[in-house]
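Right after this note come the structures.
What follows is chain A paired twice: with chain B in the first complex and chain C in the second.
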Partner chain A sequence: MSVTKTLKTVIDFRRDIAPIGSGLTGRSGAASAWANVSAIGGVVIKELCRRKDFYVLFVLTALITLAMASASFFNETKTVRAVKELCLLLVWVSSLVIAVTTAARQIPAERENRTLFPLLAKPVTRAEVILGKFWGCWLATGLTLLVFYLFFVVIGATRDGQWPIAASFQALTLHWFMLGIVIAMTALGSLVFAAPSSNNTITFVLVLGILLLGRHLNKVALRLDEPLQTIVYAVYYVIPHLELYDVRDLLVHNWGSIPWLIWFAAIGYATVYAGFFLFGACLIFKRKPVI
Partner chain B sequence: MTLEPILKVDNLQVEYRTREMGQGIKQAVKGLNLSVLSGEVFGFLGPNGAGKTSTMNVLLGFVAPTSGNAFLFGVNVREPIARQRIGYLPELTYYYKFLTAEEILRFYAKIFGLSRNVAEQRIDAILKLVELEQARKRPIRTYSKGMQQRVGLAQALINNPDLLILDEPTSGLDPIGRMKVREIIQRLKNEGKTVFFSSHELGEVETVCDRVGILVDGQLKAEGPVAELVRTHQCSTLEQVFLKIIDYADKSAAA
Partner chain C sequence: MRGRNSVLFAFLLMTLALSLVTWLEPWFQSWAGSRTDSANLLSVALGDSRRLFAKHFYVKADAYFHSGYYPSIFDNRPDDDKLHIAASAGAGHEQHEDLPDPGQPRDWIDRFSRHFYPSVHTHLGQARCCNHDHHADGHEHGPDCKHGEVDHDDHTDTAGKREERELLPWLKLAATLDPDRPETYVTASFWLRSQLGKVAEAEQFLREGLQHIPGEPELLFELGRIYRENHKDNARARTIWQAALNQWRKSRNFDTAEDRLLYAQILVNLAQIEGEQKDFPKAIEHLQALLAVTPNKDSIQKWITELSQEVSPIAPK
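Moving on, here comes the complex of A and B:
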């Protein structure tokens, strides 16, 4: 039986399968998959909202951002820039902590608390579970970023009288998509490494390594002999270049926005990498016994 | 007219790789064949380690069979859609403890594709049925064990399933809780639902089941209506039949 025919049979079955008066809607395959992904994502967001550690980190970052941004140092421009830079660094660090720690515990917690069993006993595929977890974590970090950047823009504007809306939007979206790659990478790690703590550590080291050293790897490779040179070059081309998404200087120095085509290409690059990691996670989870 | 089985297990084999050194592979289920017809209450019995949970794990898609097949409503259990019309109650309560009862039911209703209005009506009715109306807005972590088990039953009923798979539904419940679960199973039976459940409470099984299957060491040793099994084995209760089949008397004599 061809794949199309099999798929059609499954979808038709789904429509026919609803017992009369059951209230089950005859959703198509894609609509049903999206409903499952968004429902699972919703639970992730609810859990985050009810966790005290998340609140503490969120409120602490917001307070420090507010306090630092509202501090006045004799209207010295350079000081204002330094304060802005520190605020953004803080936002970057806390958003990274929220993204990695949240994504790392999703699947291990489902397995440990055995909440995966009633979930997988429903018409849900394992890929939908992974995508739902990713969606929930990504959306939650997106909402957190939105609040942080709103604070930052409003307070920055009251300090230097400029409203860099386009640059802020680009910085926010690029930051969000960068976190998308990190969350997908962490989700994959949570299926490979046994303990969430080891996954947290490895992901943090990898992400910080890429952010700090990623752009220099090609220069390092030039100074090396073969076969090391090829290996380092290969690593340079394979790793997701997260540093590309660090456009904090646009906001700190009020340089204006980057060309939209480049912004769009960066979003596409992040989508491809996140997709690649999620695909890997789905493949591993499909084969992994849950018992 | 011949009735199509709602649940069908065809020459099922399940093997696990054991972690103990030198143990190799453990055969949990050995060529199991089983059919459950529409409207039946089927008791799936067996001593611990007989392969009941492994069979249920295959039916629910948690484990892929080593060989053989299992079907729900004629659809291979490897397809998630096969679980659209089933309700599953695990032995222990495995639910998101930070959600309230109505939130968890809303979540599962969404997974089943229930429209919002129908979902709300169903949630009200089910919470009333399992007597959790008063506690519906409290997080599940504040519930007693019996209440958590009732949340489990509620989530298993949210999609108005045609087949219920219950894994020791009365395990750990007090006598009143057990009676209520029994009443609910009876009520579902009267509504024409099919119930497939495992239990160690043989008196309970005798009361509610139309047919039972006794699994020993991964193989189905006996299957049929309770009265017929009791008569065939020249016993007076299902418990005696069960003990006879698992060869309890011989083993205890040998010990």
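Moving on, here comes the complex of A and C:
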């Protein structure tokens, strides 16, 4: 009870989402908040369209994949899995770069350009700014992923004649929700760390660390002595398991689609972690001086 | 005045640089670590690290053979150094320890995560009836599965689809990065000729290997197999295996199991071919050499006895 009360006094979303003085409550307040969030998100999407990051990365991915696809090994022209693997690797690298760098510069850029003051004076609450920035980055990465995966499916189909629509849809959505966690984590980092560069570096190290080691921490823990075993196992349970969303091997080796209930559970898992990081970001931003 | 000093200083630096070049250039040309001798761009760019990448790509081919199912460095791996694709190619499949199964999940995250990566042990060319853990409690076969528990692993549904071709890019890359590794050529050649029907490509690849590692007995042995099994040219196969045997005796010894196995394989094949050509004394000579290394001395001795009877069919009892 006391915990609930404390949290409510720290951040009251009903009041924070519908700004003081707007006179809006309930459904109209939520509608107004949604309008603010989507407006801020729209700006982020436009920014991504103006910047050249996505175009450069997409052209690079396409060129390297097509070069690999055009190569013939031992006069065998129908090898497809290596091409798919390379393409998906490039898609993952590109999407992570776009997601992290876009999310990391949002708040610091607003602060540096001094556009945060007029933004907050609209009136838009601080929580709406964070949610809007997250929504924009997430939607923008979703759009880029759509283009990347469309390219991947077309390339795969031209080589082996298969259209794994369900498996590709699952891979795309899982990838997108994983990026949701990463973007929320980066948004939180942009309020904690002094500069976008340090935030970028730390987020990349964390994300790559989880992707490479997350699945194996339990095995490492079991080989350790106490109390290290408990600590490492606790870390294993606490970290967001981003590697769950890496279904590239299933897609490359034609394992078919995952059971939909499992897919849905993974989406829920990502939503919880993204929500947790966003909540943390809102709390910090609410208390942080704007200057 | 100041400008003149700057010009003089620049001239001094240029003279110094030129002097250093005349001293460094001859030293650099004779330096053992210089990579300028190599015309290979990869060799110049990567140096010896390319061997690490080559090993990675070679292991990648083995992972592809298992359709992505592969234990990490944190999992239990067989002690045997030879990869499954290589064991199938040369050393005999039955002697190779296959990859272990993942076992029971350790916790709920482990159980959940097995839906998101290949956690079922299969080989290329085998159909897969389900995409989840065969060893988990309550495992059920997928709707497409027409196999019982007993013959579940004996799938032939995808045989003929030539999925083994997916190994080729990684083997080719591995050979490009480390051309001095004979195993890569032998493995690629085996899959090319036995599963994909590309005998000419297999022979060509082995010959490329022999250009990099002249006289390598493993490559010669595999080349002999192509002549015997694919070209049905026993005379040339015998010549090549004889060369392989000579090279083995020059460069190898009985210290490692792999070398002993290669020696035995060459001798067995030579004995067989000599027997077919009715050159029984030569066949017996090869089998007697084999007796020194084989663990199956009884069967080899029996073979020798049979051949001896062929030499003197009316020998007194």
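Basically, the second predicted complex is superposed on the first by the 245 of 291 C-alpha atoms of A that agree within 3 Å, B and C clash if a C-alpha of one lies under 4 Å from a C-alpha of the other, contacts with A are read in each partner's own complex, and residues count from 1 in each chain.
The definition used in the following text is that a residue touches a chain if its C-beta (ideal position, glycine included) is under 8 Å from a C-beta of that chain, and two chains touch if they have at least 3 such contacts.
Computed from a prediction, not measured in an experiment: that's the story for all the values here.
In the superposed model, A:82 makes contact with chain C only, not with chain B.
When the two complexes are overlaid on their common chain A, residue A:215 makes contact with chain C while staying clear of chain B. Of the two partner chains placed around the shared chain by superposition, chain C is the only one that A:249 touches, whereas chain B remains out of contact. When both complexes are overlaid on chain A, the residue A:237 reaches chain C alone and has no touch with chain B.
In the superposition on chain A, A:258 contacts chain C only, with no contact to chain B.
Touching of chain A by both chain B and chain C, each in its own complex, is seen for no residue at all.
Note for the complex: chain A touches chain B at residues 10, 13-14, 17-19, 21-27, 32, 35-36, 38-39, 42-43, 46-47, 50, 113-125, 289-291. Residues of chain A touching chain C in their complex: 71, 73-76, 78-82, 174, 215-216, 218-220, 222, 236-237, 241, 243-247, 249-250, 252-253, 255-256, 258-259, 262, 265-266.
Within the complex, the chain B residues that touch chain A are 57, 60-63, 73, 75, 79-86, 88, 90, 92, 94-99, 103, 107-108, 110-115, 117-119, 121-122, 152, 155, 159-160, 162, 165. Remark: chain C residues 64, 67-68, 72, 74-75, 106-107, 109-110, 112-113, 115-118, 128, 131-132, 165-166, 168-170, 172, 188, 192, 196, 198, 201, 205 touch chain A in the complex.
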